[in-house]
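Sharing a structure below in C-alpha coordinates format, with a few things to ask.
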Amino acid sequence: MVLTQELRVATRGDGEVIDITDDVGAEVAKSAVQDGIVTLFVPGSTAGLTTIEYESGAVHDLQEMFERIASARLAYRHNLRWGDGNGHAHVRAALLGASLTVPFSRKRLLLGTWQQIVMVDFDNRPRERRVVVQIMGDGPAPREGGAA
Amino acid sequence: MVLTQELRVATRGDGEVIDITDDVGAEVAKSAVQDGIVTLFVPGSTAGLTTIEYESGAVHDLQEMFERIASARLAYRHNLRWGDGNGHAHVRAALLGASLTVPFSRKRLLLGTWQQIVMVDFDNRPRERRVVVQIMGDGPAPREGGAA
Amino acid sequence: MVLTQELRVATRGDGEVIDITDDVGAEVAKSAVQDGIVTLFVPGSTAGLTTIEYESGAVHDLQEMFERIASARLAYRHNLRWGDGNGHAHVRAALLGASLTVPFSRKRLLLGTWQQIVMVDFDNRPRERRVVVQIMGDGPAPREGGAA
(Lines give C-alpha, C1' and ligand atoms only; values in the text may rest on other atoms or scores of the structure.)
Protein backbone atom coordinates (compact mmCIF):
# COMPACT_ATOMS: atom_id res chain seq x y z
CA MET A 1 0.00 0.00 0.00
CA VAL A 2 1.57 3.26 -1.20
CA LEU A 3 0.29 6.83 -0.70
CA THR A 4 2.04 9.83 -2.20
CA GLN A 5 1.31 13.22 -0.65
CA GLU A 6 3.02 16.58 -0.69
CA LEU A 7 3.60 19.30 1.90
CA ARG A 8 3.91 22.96 0.96
CA VAL A 9 6.36 24.92 3.07
CA ALA A 10 7.05 28.65 2.77
CA THR A 11 10.66 29.37 3.77
CA ARG A 12 12.88 32.40 4.25
CA GLY A 13 15.88 30.59 2.76
CA ASP A 14 19.43 31.38 3.99
CA GLY A 15 19.67 28.13 5.92
CA GLU A 16 16.31 28.36 7.63
CA VAL A 17 15.49 25.14 9.50
CA ILE A 18 11.79 24.25 9.50
CA ASP A 19 10.20 21.65 11.76
CA ILE A 20 7.86 19.49 9.66
CA THR A 21 7.35 16.71 12.21
CA ASP A 22 3.69 17.44 12.93
CA ASP A 23 2.82 17.67 9.24
CA VAL A 24 4.49 14.33 8.55
CA GLY A 25 2.80 12.74 11.56
CA ALA A 26 -0.58 14.02 10.40
CA GLU A 27 -0.12 12.42 6.96
CA VAL A 28 0.69 9.09 8.60
CA ALA A 29 -2.27 9.41 10.99
CA LYS A 30 -4.80 9.99 8.26
CA SER A 31 -3.50 7.20 6.02
CA ALA A 32 -4.75 3.62 6.27
CA VAL A 33 -1.21 2.33 6.87
CA GLN A 34 -0.44 1.02 10.37
CA ASP A 35 3.22 0.02 10.10
CA GLY A 36 5.78 1.07 7.55
CA ILE A 37 8.01 3.86 6.37
CA VAL A 38 7.46 7.43 5.38
CA THR A 39 9.88 8.52 2.66
CA LEU A 40 10.48 12.26 2.66
CA PHE A 41 12.07 13.89 -0.36
CA VAL A 42 12.73 17.52 -1.33
CA PRO A 43 12.51 18.10 -5.06
CA GLY A 44 15.20 20.70 -5.69
CA SER A 45 18.94 20.97 -5.27
CA THR A 46 19.29 23.69 -2.63
CA ALA A 47 17.44 22.16 0.33
CA GLY A 48 17.87 19.08 2.48
CA LEU A 49 16.26 16.96 5.18
CA THR A 50 17.49 15.62 8.51
CA THR A 51 16.49 15.29 12.15
CA ILE A 52 17.62 17.49 15.03
CA GLU A 53 16.51 18.61 18.46
CA TYR A 54 14.54 21.59 17.27
CA GLU A 55 15.61 24.31 19.70
CA SER A 56 17.15 27.60 18.63
CA GLY A 57 20.61 26.81 20.02
CA ALA A 58 21.12 23.53 18.14
CA VAL A 59 19.56 25.02 15.01
CA HIS A 60 22.02 27.94 15.13
CA ASP A 61 24.93 25.55 15.72
CA LEU A 62 23.99 23.53 12.65
CA GLN A 63 23.87 26.68 10.54
CA GLU A 64 27.29 27.74 11.86
CA MET A 65 28.74 24.36 10.93
CA PHE A 66 27.55 24.75 7.36
CA GLU A 67 29.06 28.23 7.27
CA ARG A 68 32.40 26.72 8.40
CA ILE A 69 32.51 23.96 5.81
CA ALA A 70 30.80 25.67 2.85
CA SER A 71 30.86 29.39 3.58
CA ALA A 72 28.62 31.67 1.55
CA ARG A 73 31.65 33.98 1.22
CA LEU A 74 33.84 31.51 -0.70
CA ALA A 75 34.12 31.58 -4.48
CA TYR A 76 31.93 28.97 -6.18
CA ARG A 77 32.14 27.99 -9.83
CA HIS A 78 28.39 27.57 -9.92
CA ASN A 79 28.12 31.30 -9.22
CA LEU A 80 30.60 32.18 -11.95
CA ARG A 81 28.59 30.20 -14.47
CA TRP A 82 25.05 31.00 -13.44
CA GLY A 83 25.31 34.20 -11.44
CA ASP A 84 22.60 33.30 -8.94
CA GLY A 85 24.91 33.45 -5.93
CA ASN A 86 23.71 30.23 -4.32
CA GLY A 87 26.70 27.95 -4.99
CA HIS A 88 27.10 27.31 -1.26
CA ALA A 89 23.45 26.19 -1.12
CA HIS A 90 24.03 23.52 -3.77
CA VAL A 91 27.06 22.12 -1.95
CA ARG A 92 25.37 22.09 1.44
CA ALA A 93 22.22 20.45 0.10
CA ALA A 94 24.17 17.72 -1.71
CA LEU A 95 26.01 16.94 1.52
CA LEU A 96 22.97 16.89 3.81
CA GLY A 97 20.82 14.91 1.38
CA ALA A 98 17.39 15.38 -0.17
CA SER A 99 15.92 12.19 1.24
CA LEU A 100 14.99 10.93 4.70
CA THR A 101 13.25 7.69 5.68
CA VAL A 102 11.40 7.45 8.98
CA PRO A 103 9.83 4.18 10.15
CA PHE A 104 6.53 4.15 12.01
CA SER A 105 4.65 1.52 13.96
CA ARG A 106 0.94 1.59 14.90
CA LYS A 107 0.84 4.98 13.18
CA ARG A 108 3.48 6.45 15.51
CA LEU A 109 6.71 7.86 14.02
CA LEU A 110 9.61 6.11 15.77
CA LEU A 111 11.43 9.34 16.64
CA GLY A 112 13.24 10.09 19.88
CA THR A 113 11.54 12.32 22.42
CA TRP A 114 13.58 15.41 21.48
CA GLN A 115 14.08 14.57 17.82
CA GLN A 116 12.28 16.49 15.09
CA ILE A 117 12.15 16.10 11.32
CA VAL A 118 13.41 19.25 9.64
CA MET A 119 13.82 20.71 6.19
CA VAL A 120 16.76 23.06 5.74
CA ASP A 121 16.42 25.59 2.95
CA PHE A 122 19.93 26.65 1.97
CA ASP A 123 18.91 28.86 -0.94
CA ASN A 124 19.70 32.57 -0.77
CA ARG A 125 16.11 33.75 -1.07
CA PRO A 126 12.63 32.84 0.20
CA ARG A 127 11.10 29.84 -1.50
CA GLU A 128 7.82 28.01 -1.68
CA ARG A 129 9.00 24.42 -1.15
CA ARG A 130 7.35 21.12 -1.77
CA VAL A 131 8.24 18.07 0.32
CA VAL A 132 7.13 14.68 -0.98
CA VAL A 133 5.66 12.50 1.78
CA GLN A 134 5.27 8.95 0.59
CA ILE A 135 3.80 6.40 2.97
CA MET A 136 4.31 2.68 2.37
CA GLY A 137 3.44 -0.32 4.49
CA ASP A 138 0.84 -2.65 5.87
CA GLY A 139 -2.80 -1.74 6.34
CA PRO A 140 -4.73 -2.79 9.43
CA ALA A 141 -4.74 -6.53 10.13
CA PRO A 142 -8.05 -8.19 9.19
CA ARG A 143 -10.15 -8.85 12.25
CA GLU A 144 -10.33 -12.51 13.16
CA GLY A 145 -13.53 -14.44 12.89
CA GLY A 146 -15.29 -11.32 11.83
CA ALA A 147 -18.54 -11.94 10.02
CA ALA A 148 -20.50 -8.76 9.52
CA MET B 1 4.99 -7.42 4.84
CA VAL B 2 6.47 -5.18 7.56
CA LEU B 3 8.36 -6.21 10.70
CA THR B 4 9.51 -3.69 13.28
CA GLN B 5 12.29 -4.76 15.62
CA GLU B 6 14.73 -2.95 17.85
CA LEU B 7 18.38 -3.45 18.74
CA ARG B 8 19.82 -2.39 22.09
CA VAL B 9 23.38 -1.11 21.95
CA ALA B 10 25.46 0.00 24.93
CA THR B 11 27.92 2.71 23.87
CA ARG B 12 30.74 4.70 25.43
CA GLY B 13 29.71 7.88 23.56
CA ASP B 14 32.35 10.42 22.49
CA GLY B 15 32.09 9.40 18.86
CA GLU B 16 32.29 5.66 19.40
CA VAL B 17 31.61 3.76 16.17
CA ILE B 18 29.79 0.46 16.66
CA ASP B 19 29.47 -2.26 14.04
CA ILE B 20 25.85 -3.49 13.98
CA THR B 21 26.06 -5.41 10.70
CA ASP B 22 25.69 -8.86 12.22
CA ASP B 23 22.73 -7.82 14.35
CA VAL B 24 20.96 -6.35 11.34
CA GLY B 25 21.73 -9.41 9.24
CA ALA B 26 20.36 -11.67 11.97
CA GLU B 27 17.04 -9.78 12.03
CA VAL B 28 16.74 -10.16 8.26
CA ALA B 29 17.66 -13.85 8.46
CA LYS B 30 15.01 -14.69 11.01
CA SER B 31 12.25 -12.73 9.26
CA ALA B 32 10.01 -14.27 6.62
CA VAL B 33 11.01 -11.61 4.09
CA GLN B 34 13.19 -12.74 1.18
CA ASP B 35 13.75 -9.51 -0.77
CA GLY B 36 13.33 -5.95 0.40
CA ILE B 37 14.79 -3.18 2.49
CA VAL B 38 15.82 -2.85 6.06
CA THR B 39 15.25 0.67 7.36
CA LEU B 40 17.54 1.53 10.27
CA PHE B 41 16.75 4.52 12.44
CA VAL B 42 18.27 5.89 15.65
CA PRO B 43 15.70 7.55 17.88
CA GLY B 44 17.63 10.45 19.44
CA SER B 45 19.45 13.52 18.21
CA THR B 46 23.06 12.81 19.15
CA ALA B 47 23.77 9.61 17.17
CA GLY B 48 23.83 8.68 13.50
CA LEU B 49 24.10 5.79 11.07
CA THR B 50 26.31 5.11 8.07
CA THR B 51 28.50 2.46 6.49
CA ILE B 52 32.28 2.24 6.63
CA GLU B 53 35.08 -0.28 6.39
CA TYR B 54 35.15 -1.16 10.05
CA GLU B 55 38.85 -1.14 10.85
CA SER B 56 40.41 1.03 13.54
CA GLY B 57 42.27 3.28 11.08
CA ALA B 58 39.22 4.34 9.05
CA VAL B 59 37.15 4.64 12.23
CA HIS B 60 39.73 6.98 13.75
CA ASP B 61 39.91 9.01 10.54
CA LEU B 62 36.14 9.49 10.57
CA GLN B 63 36.26 10.69 14.17
CA GLU B 64 39.05 13.14 13.29
CA MET B 65 37.01 14.54 10.42
CA PHE B 66 34.10 15.26 12.75
CA GLU B 67 36.51 16.95 15.17
CA ARG B 68 37.71 19.16 12.30
CA ILE B 69 34.28 20.26 11.15
CA ALA B 70 32.40 20.36 14.47
CA SER B 71 35.03 20.39 17.18
CA ALA B 72 33.97 19.64 20.74
CA ARG B 73 36.09 22.64 21.77
CA LEU B 74 34.08 25.25 19.87
CA ALA B 75 31.37 27.32 21.53
CA TYR B 76 27.85 26.00 20.88
CA ARG B 77 24.65 27.86 21.64
CA HIS B 78 23.00 24.60 22.58
CA ASN B 79 25.51 24.37 25.44
CA LEU B 80 24.83 27.93 26.58
CA ARG B 81 21.12 27.21 26.75
CA TRP B 82 21.06 23.69 28.14
CA GLY B 83 24.43 23.26 29.80
CA ASP B 84 24.85 19.61 28.85
CA GLY B 85 28.02 20.19 26.83
CA ASN B 86 27.00 18.07 23.85
CA GLY B 87 26.30 20.78 21.26
CA HIS B 88 28.89 19.27 18.92
CA ALA B 89 27.09 15.93 19.15
CA HIS B 90 23.82 17.47 17.93
CA VAL B 91 25.49 19.10 14.95
CA ARG B 92 27.42 15.98 13.95
CA ALA B 93 24.37 13.74 14.26
CA ALA B 94 22.20 16.07 12.15
CA LEU B 95 24.85 16.05 9.44
CA LEU B 96 25.45 12.29 9.40
CA GLY B 97 21.76 11.41 9.58
CA ALA B 98 19.61 9.20 11.79
CA SER B 99 18.39 6.94 9.01
CA LEU B 100 19.95 4.35 6.72
CA THR B 101 18.27 2.06 4.20
CA VAL B 102 19.95 -1.17 3.13
CA PRO B 103 18.46 -3.40 0.43
CA PHE B 104 18.66 -7.17 0.67
CA SER B 105 18.00 -10.00 -1.73
CA ARG B 106 17.40 -13.65 -0.85
CA LYS B 107 17.94 -12.61 2.77
CA ARG B 108 21.46 -11.30 2.05
CA LEU B 109 22.29 -7.64 2.79
CA LEU B 110 23.67 -6.13 -0.43
CA LEU B 111 26.77 -4.68 1.24
CA GLY B 112 30.25 -4.60 -0.20
CA THR B 113 32.81 -7.08 1.06
CA TRP B 114 34.53 -4.58 3.34
CA GLN B 115 31.50 -2.46 4.14
CA GLN B 116 29.88 -2.53 7.56
CA ILE B 117 26.77 -0.85 8.99
CA VAL B 118 27.71 1.34 11.94
CA MET B 119 26.08 3.50 14.55
CA VAL B 120 28.09 6.50 15.70
CA ASP B 121 27.29 7.77 19.17
CA PHE B 122 28.39 11.40 19.31
CA ASP B 123 27.06 12.12 22.80
CA ASN B 124 29.53 13.08 25.52
CA ARG B 125 28.67 10.19 27.85
CA PRO B 126 27.87 6.47 27.68
CA ARG B 127 24.37 5.69 26.48
CA GLU B 128 22.06 2.74 26.15
CA ARG B 129 20.90 3.19 22.55
CA ARG B 130 18.00 1.76 20.63
CA VAL B 131 18.19 1.25 16.87
CA VAL B 132 14.94 0.59 15.03
CA VAL B 133 15.29 -2.21 12.48
CA GLN B 134 12.28 -2.31 10.21
CA ILE B 135 12.13 -4.97 7.51
CA MET B 136 9.81 -4.56 4.53
CA GLY B 137 9.42 -6.62 1.40
CA ASP B 138 8.23 -9.78 -0.25
CA GLY B 139 7.76 -13.08 1.51
CA PRO B 140 8.81 -16.36 -0.09
CA ALA B 141 7.22 -17.06 -3.48
CA PRO B 142 4.41 -19.62 -3.26
CA ARG B 143 5.57 -23.04 -4.40
CA GLU B 144 4.14 -24.05 -7.73
CA GLY B 145 1.72 -26.90 -8.00
CA GLY B 146 1.82 -27.34 -4.26
CA ALA B 147 -1.22 -29.14 -2.94
CA ALA B 148 -1.13 -29.67 0.81
CA MET C 1 6.31 -6.09 -5.14
CA VAL C 2 10.12 -5.94 -5.01
CA LEU C 3 12.58 -5.90 -7.92
CA THR C 4 16.33 -5.91 -7.39
CA GLN C 5 18.48 -4.71 -10.26
CA GLU C 6 22.04 -3.50 -10.58
CA LEU C 7 23.75 -0.79 -12.61
CA ARG C 8 27.36 -1.07 -13.74
CA VAL C 9 29.25 2.22 -13.80
CA ALA C 10 32.85 2.70 -14.94
CA THR C 11 34.43 5.59 -13.03
CA ARG C 12 37.72 7.48 -13.04
CA GLY C 13 37.70 7.77 -9.22
CA ASP C 14 39.26 10.82 -7.52
CA GLY C 15 35.87 12.26 -6.65
CA GLU C 16 34.28 11.83 -10.04
CA VAL C 17 30.57 12.63 -9.95
CA ILE C 18 28.45 10.51 -12.28
CA ASP C 19 24.86 11.26 -13.24
CA ILE C 20 22.84 8.02 -13.02
CA THR C 21 19.38 9.60 -13.20
CA ASP C 22 18.47 8.24 -16.62
CA ASP C 23 19.59 4.72 -15.73
CA VAL C 24 17.51 4.77 -12.56
CA GLY C 25 14.51 6.18 -14.41
CA ALA C 26 14.82 3.46 -17.04
CA GLU C 27 14.72 0.72 -14.40
CA VAL C 28 11.58 2.22 -12.92
CA ALA C 29 10.00 2.60 -16.35
CA LYS C 30 10.51 -1.01 -17.31
CA SER C 31 9.30 -2.41 -13.97
CA ALA C 32 5.64 -3.21 -13.31
CA VAL C 33 5.57 -0.87 -10.30
CA GLN C 34 3.55 2.35 -10.66
CA ASP C 35 4.08 4.06 -7.30
CA GLY C 36 6.77 3.45 -4.74
CA ILE C 37 10.40 3.96 -3.88
CA VAL C 38 13.65 3.16 -5.55
CA THR C 39 16.37 2.36 -3.05
CA LEU C 40 19.84 3.02 -4.40
CA PHE C 41 22.85 1.56 -2.64
CA VAL C 42 26.56 1.45 -3.46
CA PRO C 43 28.25 -1.71 -2.23
CA GLY C 44 31.71 -0.52 -1.18
CA SER C 45 33.13 1.95 1.31
CA THR C 46 34.73 4.58 -0.94
CA ALA C 47 31.74 5.86 -2.91
CA GLY C 48 28.50 7.59 -2.05
CA LEU C 49 25.17 8.75 -3.45
CA THR C 50 23.32 12.04 -3.39
CA THR C 51 21.44 14.48 -5.61
CA ILE C 52 22.79 17.68 -7.13
CA GLU C 53 22.21 20.02 -10.04
CA TYR C 54 24.52 18.21 -12.43
CA GLU C 55 26.44 21.06 -14.03
CA SER C 56 30.23 21.32 -13.98
CA GLY C 57 30.30 24.32 -11.62
CA ALA C 58 28.27 22.75 -8.82
CA VAL C 59 30.08 19.43 -9.30
CA HIS C 60 33.45 21.17 -8.92
CA ASP C 61 32.22 23.06 -5.84
CA LEU C 62 31.15 19.80 -4.20
CA GLN C 63 34.56 18.27 -4.86
CA GLU C 64 36.27 21.35 -3.39
CA MET C 65 34.16 21.10 -0.25
CA PHE C 66 35.26 17.50 0.27
CA GLU C 67 38.87 18.59 -0.22
CA ARG C 68 38.38 21.23 2.49
CA ILE C 69 36.88 18.89 5.08
CA ALA C 70 38.75 15.65 4.30
CA SER C 71 41.75 16.64 2.22
CA ALA C 72 43.63 13.92 0.38
CA ARG C 73 46.83 15.54 1.68
CA LEU C 74 46.13 14.95 5.36
CA ALA C 75 47.54 11.97 7.24
CA TYR C 76 45.07 9.11 7.61
CA ARG C 77 45.53 6.12 9.90
CA HIS C 78 43.83 3.93 7.32
CA ASN C 79 46.75 4.70 4.99
CA LEU C 80 49.32 3.90 7.65
CA ARG C 81 47.73 0.52 8.24
CA TRP C 82 46.81 -0.52 4.72
CA GLY C 83 49.02 1.59 2.48
CA ASP C 84 46.43 2.07 -0.24
CA GLY C 85 46.35 5.84 0.08
CA ASN C 86 42.58 6.21 0.00
CA GLY C 87 41.91 7.09 3.64
CA HIS C 88 40.24 10.34 2.58
CA ALA C 89 37.91 8.36 0.32
CA HIS C 90 36.68 6.24 3.22
CA VAL C 91 35.93 9.28 5.35
CA ARG C 92 34.16 11.17 2.57
CA ALA C 93 32.06 8.15 1.61
CA ALA C 94 30.99 7.49 5.21
CA LEU C 95 29.89 11.12 5.52
CA LEU C 96 27.98 11.31 2.24
CA GLY C 97 26.30 7.94 2.67
CA ALA C 98 25.99 4.79 0.55
CA SER C 99 22.21 4.86 0.34
CA LEU C 100 19.61 7.10 -1.29
CA THR C 101 15.84 6.64 -1.49
CA VAL C 102 13.86 8.33 -4.25
CA PRO C 103 10.06 8.14 -4.37
CA PHE C 104 8.22 7.85 -7.66
CA SER C 105 4.61 8.18 -8.70
CA ARG C 106 3.02 6.91 -11.93
CA LYS C 107 6.52 5.73 -12.86
CA ARG C 108 7.97 9.25 -12.64
CA LEU C 109 10.84 9.95 -10.22
CA LEU C 110 9.76 12.84 -7.99
CA LEU C 111 12.94 14.86 -8.58
CA GLY C 112 13.16 18.62 -9.03
CA THR C 113 13.64 19.99 -12.52
CA TRP C 114 17.37 20.62 -12.06
CA GLN C 115 18.05 17.78 -9.63
CA GLN C 116 20.00 14.70 -10.68
CA ILE C 117 20.87 11.47 -8.90
CA VAL C 118 24.64 11.06 -8.72
CA MET C 119 27.21 8.57 -7.57
CA VAL C 120 30.47 10.04 -6.28
CA ASP C 121 33.49 7.77 -6.52
CA PHE C 122 36.00 9.01 -3.94
CA ASP C 123 38.53 6.23 -4.46
CA ASN C 124 41.99 7.14 -5.72
CA ARG C 125 41.83 5.01 -8.87
CA PRO C 126 39.36 4.06 -11.62
CA ARG C 127 36.77 1.52 -10.55
CA GLU C 128 34.06 -0.62 -12.04
CA ARG C 129 31.19 0.17 -9.67
CA ARG C 130 27.92 -1.57 -9.04
CA VAL C 131 24.88 0.37 -7.83
CA VAL C 132 21.97 -1.63 -6.45
CA VAL C 133 18.62 -0.34 -7.75
CA GLN C 134 15.78 -1.88 -5.80
CA ILE C 135 12.23 -0.95 -6.73
CA MET C 136 9.39 -1.49 -4.29
CA GLY C 137 5.75 -0.50 -4.45
CA ASP C 138 2.33 -1.03 -5.90
CA GLY C 139 1.64 -2.57 -9.27
CA PRO C 140 -0.99 -1.15 -11.61
CA ALA C 141 -4.49 -0.92 -10.14
CA PRO C 142 -6.83 -3.62 -11.48
CA ARG C 143 -9.14 -2.19 -14.11
CA GLU C 144 -12.70 -1.83 -12.94
CA GLY C 145 -15.44 -3.89 -14.49
CA GLY C 146 -12.94 -5.08 -17.01
CA ALA C 147 -14.06 -8.06 -19.01
CA ALA C 148 -11.72 -8.76 -21.89
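When the chains are written out, they are named A, B and C in that same order, and each has its own residue count from 1.
Just so we're on the same page, contacts are C-beta pairs under 8 Å (C-beta built on N, C-alpha and C of every residue); 3 or more make two chains touch, one makes a residue touch a chain.
Every value quoted in this text rests on a predicted model; they were computed, and no experiment measured them.
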item	value
Same or different contact residues where subunit B meets its copy subunit A, judged by the half mark	different
Equivalent-chain rotation between subunit C and subunit B, CA atoms, steps of 5 degrees	120
Separation of subunit A from subunit B, taking each centre as the mean of its C-alpha atoms, in whole Å	19
For subunit A, residues that touch 2 or more chains besides their own	69, 95, 97, 101, 136
Touching residues on subunit B, where the partner in the complex is subunit A	1-2, 4, 39, 41-45, 69-70, 76-82, 87, 90-91, 93-95, 97-99, 101, 132, 134, 136
Complex interface listing, subunit A residues touching subunit B	35-37, 50-53, 55-58, 60-62, 65, 68-69, 95-97, 100-103, 105, 110-115, 136-138
